[in-house]
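What follows is a pair of complexes built around chain A, which joins chain B in one and chain C in the other.
Up next is the complex of A and B:
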């Protein structure tokens, strides 16, 4: 088990190196010169050349690449042309907002997806299966930005029950000091219910915009997992020895599909990171997704590369974690 | 009150259909049998004869798409007419021993936790207490290191050991009836004998009743008191094992011939023809096309059950012992060298 984990961890470095290399060259291939964009339309050639020199864009590509790798090895993701800050600092400052959004969206997706999926899978009626299929097709085809705008139009513009879709808190409300950086959690830990309510209100619509489409594949997969589970010998036996239906579903079915749901959650996490970029833009949510989009507009190489690298690292670590969790959830996978 | 010979379980003309491509297909046709206290009743038949549907009908757990269209199941004088009536019996007054115990125990829970859950459903007691009782049950069933077994998952135990756990689960709440569906399929012969001896001793000792579903006539001959022979969804003969195997329904006799031949290691004389599949149009007696003594009457009219000695047979021309070619009797399986 330890050896297996070590081997998996050892793979993290080459994978990240590959991701870094790919994003480095792809971002260089994008049209547009970050120095020109940064300097503005009125800038002189001398000024632009100075900026190029400052960020090393005047060096040969190969040298820039090696410089970048050397920086990575030191934990330096480079400097953002746009903000003038270190990319790592920029990302870390915004990362909690994105994590909060993704975790909330994931909660939405799981709370809606798993019960509906299990119910659809358990229902003998053919209609239930069609429902699961239909909902998942619908969910996959709804773009998050459209759903986000729809939610804003309905709940903010028309009904006026949601806060303005700008940021994580109303203007004037201060985020609590906290260790997690997730405002809802920090407010809860600080016992500040007013801030908690405010933050939750701001979080709700973007979490729905991101989480509802993600519920669709969860419904579909947990319906299939439940249906095939109910045909299994052990679920029949569980019922035959008198296990009451609520225990059959809440204990045996949920526990048996847990490894599938966990794996699915990791897959969907990647989907959510992509979706978060769009949703953060729609709700002016100050996370790494918004940062990535803004950086992209500026051709801010280091910032874009940093974002992709961060997303890849999160993804890899997540899959590692899922493997470990599944080993715990499914005793048959435990190597003894 | 406790009449040891009274019927514990009665299936009265139970018919079950399954929704198929071409409409409702009958899988059980007027199945009638009873299990009395203190006896083990075997249900034997070829694949597709309806044995497993019989077990599931008694448990009230028919698969999706199957439903009982007529008849009734009566347990200890009470008709089981609602899902709740069955649910109240399963795991308490009605125990179940599965085919394929390693696949039947839930793979993600320890076998001990499953045993404890059943014990605690039967009577309110603490987890610790229930665990002790579980260990005692396993010990009583000849399981060594019961504590270790309790902590294990099904995939870590042998099939025979899993089946002992399943028997412990079946007996945990002192059920009056135990239904065993092919309990020894896939176990080797020595283990099979141990499991069936165990099952029989546990059932008969306390005046419980048992329904043993099997395709193995040797198992029936050795461990059962009475037997119901199924063919094409019907019980075609039911009665004391020795009687049914000696004379009466030609199909039972044919089965016995095969069983004896297999045990003696000689090539069995197969019953000509094939078993009808559910959904086949059946005119008259379902066995008539394969029957050596069938007449035009058999091909036209499906025989109703009629008494024949101590048996009930669905046959127009039950054959007496003397008329049948000698095939010998199945030997007790202790004497069989496999």
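Up next is the complex of A and C:
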């Protein structure tokens, strides 16, 4: 087990190196000169050349690449041409917003997905199964960003019960000082109900836009897991001895499908760090995705590379953690 | 279920269901055929030119003056553009699937059949690729190489390919050492012949299924790229781009410019998803029996 873990962990570095390399060269292939954009339209050629030298864009590509890797090894992701800050600081400042959004979306997905999936898997009637299947089929066919727009039309433009789809708080409302950076959690810890309500209101629509489609795979997975579980000898016996249904479902079914649903949820989390980009754009949600899109428009190499690395690292580490936990829990998997 | 289990029946008796997904398939193919016909025949019956702006008619609500879905900022007829736009999104999906198939199936066959070093190299490349936030990668690549229908299709195809590689590789590994493949090897067939005649056909079920699912995904990704502004170039009525220009009036209650193109996306993605799901039940007899 120790050897297996070590081997798997050791793979993370070359994979991230591959991601960094590919991103580096793709972003250098983009047309447009970030130094010119940074300097503004009035800048002289000497000023642009100075900026180019400052950011190292005047060196040969190979040297820039090696410099970049050397920086990465020191934990330095470079400097953003657009914001003028270190990319790592920029990303860390915005990452809590993205995490808050994803956690809220996953909550939506689980609250809807698990009960619906279990009900569909357990029901002998076709209607329930067909309903769940229909919902999940529809879920994978809806673009999240459009769902977000639809929610804005209904709940902001028409009904006027949601706050303006811009950012995490109303203008003038200050975010509480908190350790987590998740405004809802920080407000709760500080006992500030007004800020909590404001932040939750802003969070609701983007979380629905991202979470409803994410419920689709969870519905499907829990329906299939429940159905096959109910056919097992274990559950057959449990039911045969007269265990009441609520015990069967709450204790036996939920406990048995929990690992596989947790695995799926972790993978969706990893996927959403990169996948939330367009929803962040729609709601002007100040997370890392919006940062990446804005940086792309400015040819801000370092910032885009930093975002890609962050998303990839989160995905890889979550995948690794899930894999290791599952291997630990199920020794049969260690052989492969 | 509980009512059907008698004391004589073993607990694993499959439920008496015969669902092969034929209805879903028919529905999916039906939607697809309708959309295809509607968009190809569009020039024959559309009342407005999808590429002709008419500024005085800006933001007419649906139903006014024969504008079924209303008009947008430039006075474009939204219905004409939605119908006409289907050809672009379909073409992108088609190109994407073709690219994903060629790249993905080839690499998957090689990795699965050859094994050893070939497999290791391809699998590790896959690890790198799958860690990428694909949407951002696609945006960056399109930013680098310009915009257009073909390049959008190719980029989406490349980012869709890994799924095919993984599926085909796994399937191939399970049949690589089966008797009929071994017999072919003994008969002196070349590696390419064996892969084409014996290994590939055994993969087709998985491949068709994934192709349909990936087509749905390609439609969604193309729309997202168009929405961000790096997909199909501006005047062409691509749905994602239409939605993004349509959002300008959104907070003023002008919903039709972005809602209708979105519905079209959902419809087409839904058609491909339905086809994919039906094919997956058809391709996997175990699933055919159980649900």
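Odds and ends about this structure:
Keep in mind that, in the parts below, the second predicted complex is superposed on the first by the 305 of 336 C-alpha atoms of A that agree within 3 Å, B and C clash if a C-alpha of one lies under 4 Å from a C-alpha of the other, contacts with A are read in each partner's own complex, and residues count from 1 in each chain.
Rule of thumb we're sticking to: a residue touches a chain if its C-beta (ideal position, glycine included) is under 8 Å from a C-beta of that chain, and two chains touch if they have at least 3 such contacts.
Every value quoted in this text rests on a predicted model; they were computed, and no experiment measured them.
Contacts of A:14 after superposition: chain C is touched, whereas chain B is not reached.
Of the two partner chains, chain B is the only one that A:256 touches; chain C does not reach it.
Set against each other, chain B and chain C touch different numbers of residues in chain A, with C touching more. In the superposition on chain A, A:236 makes contact with both chain B and chain C. In the superposition on chain A, contact is made by A:244 with chain B only, not with chain C. In the superposed model, A:329 lies in contact with chain B only, and not with chain C. Contacts of A:118 after superposition on the shared chain: neither chain B nor chain C is touched. Once the two complexes are overlaid on the shared chain, A:22 sits against chain C while remaining clear of chain B.
Note: residues 124, 232-233, 236, 239 of chain A belong to the chain B contact set and to the chain C contact set alike, using the contact criterion stated above. The touching residues of chain A, counted against chain B in their complex, run 124, 232-245, 247, 252, 255-256, 258, 329-332.
Put simply, chain B touches chain A in their complex at residues 59, 61, 64-65, 87, 89-92, 94-96, 98-100, 103-109, 114, 117-118, 121, 153, 155, 166, 169-170.
If you check the complex, the residues on chain A that touch chain C are 11, 14-16, 18-19, 22-23, 26-27, 29-31, 124, 126, 129, 133, 137-138, 140-143, 145-146, 149-150, 152-153, 156-158, 164, 224, 227-228, 230-233, 236, 239, 273-275, 277-278, 281-282, 292-293, 296, 304, 307-308, 311-312, 315-316.
The touching residues of chain C, counted against chain A in their complex, run 1-5, 11-12, 15, 17, 124-125, 127-128, 130-137, 139-141, 143-145, 216, 220, 223-224, 227-228, 240, 243, 247, 250-253, 255, 258-259, 262, 265-266, 269-270, 272-274, 277, 290-291.
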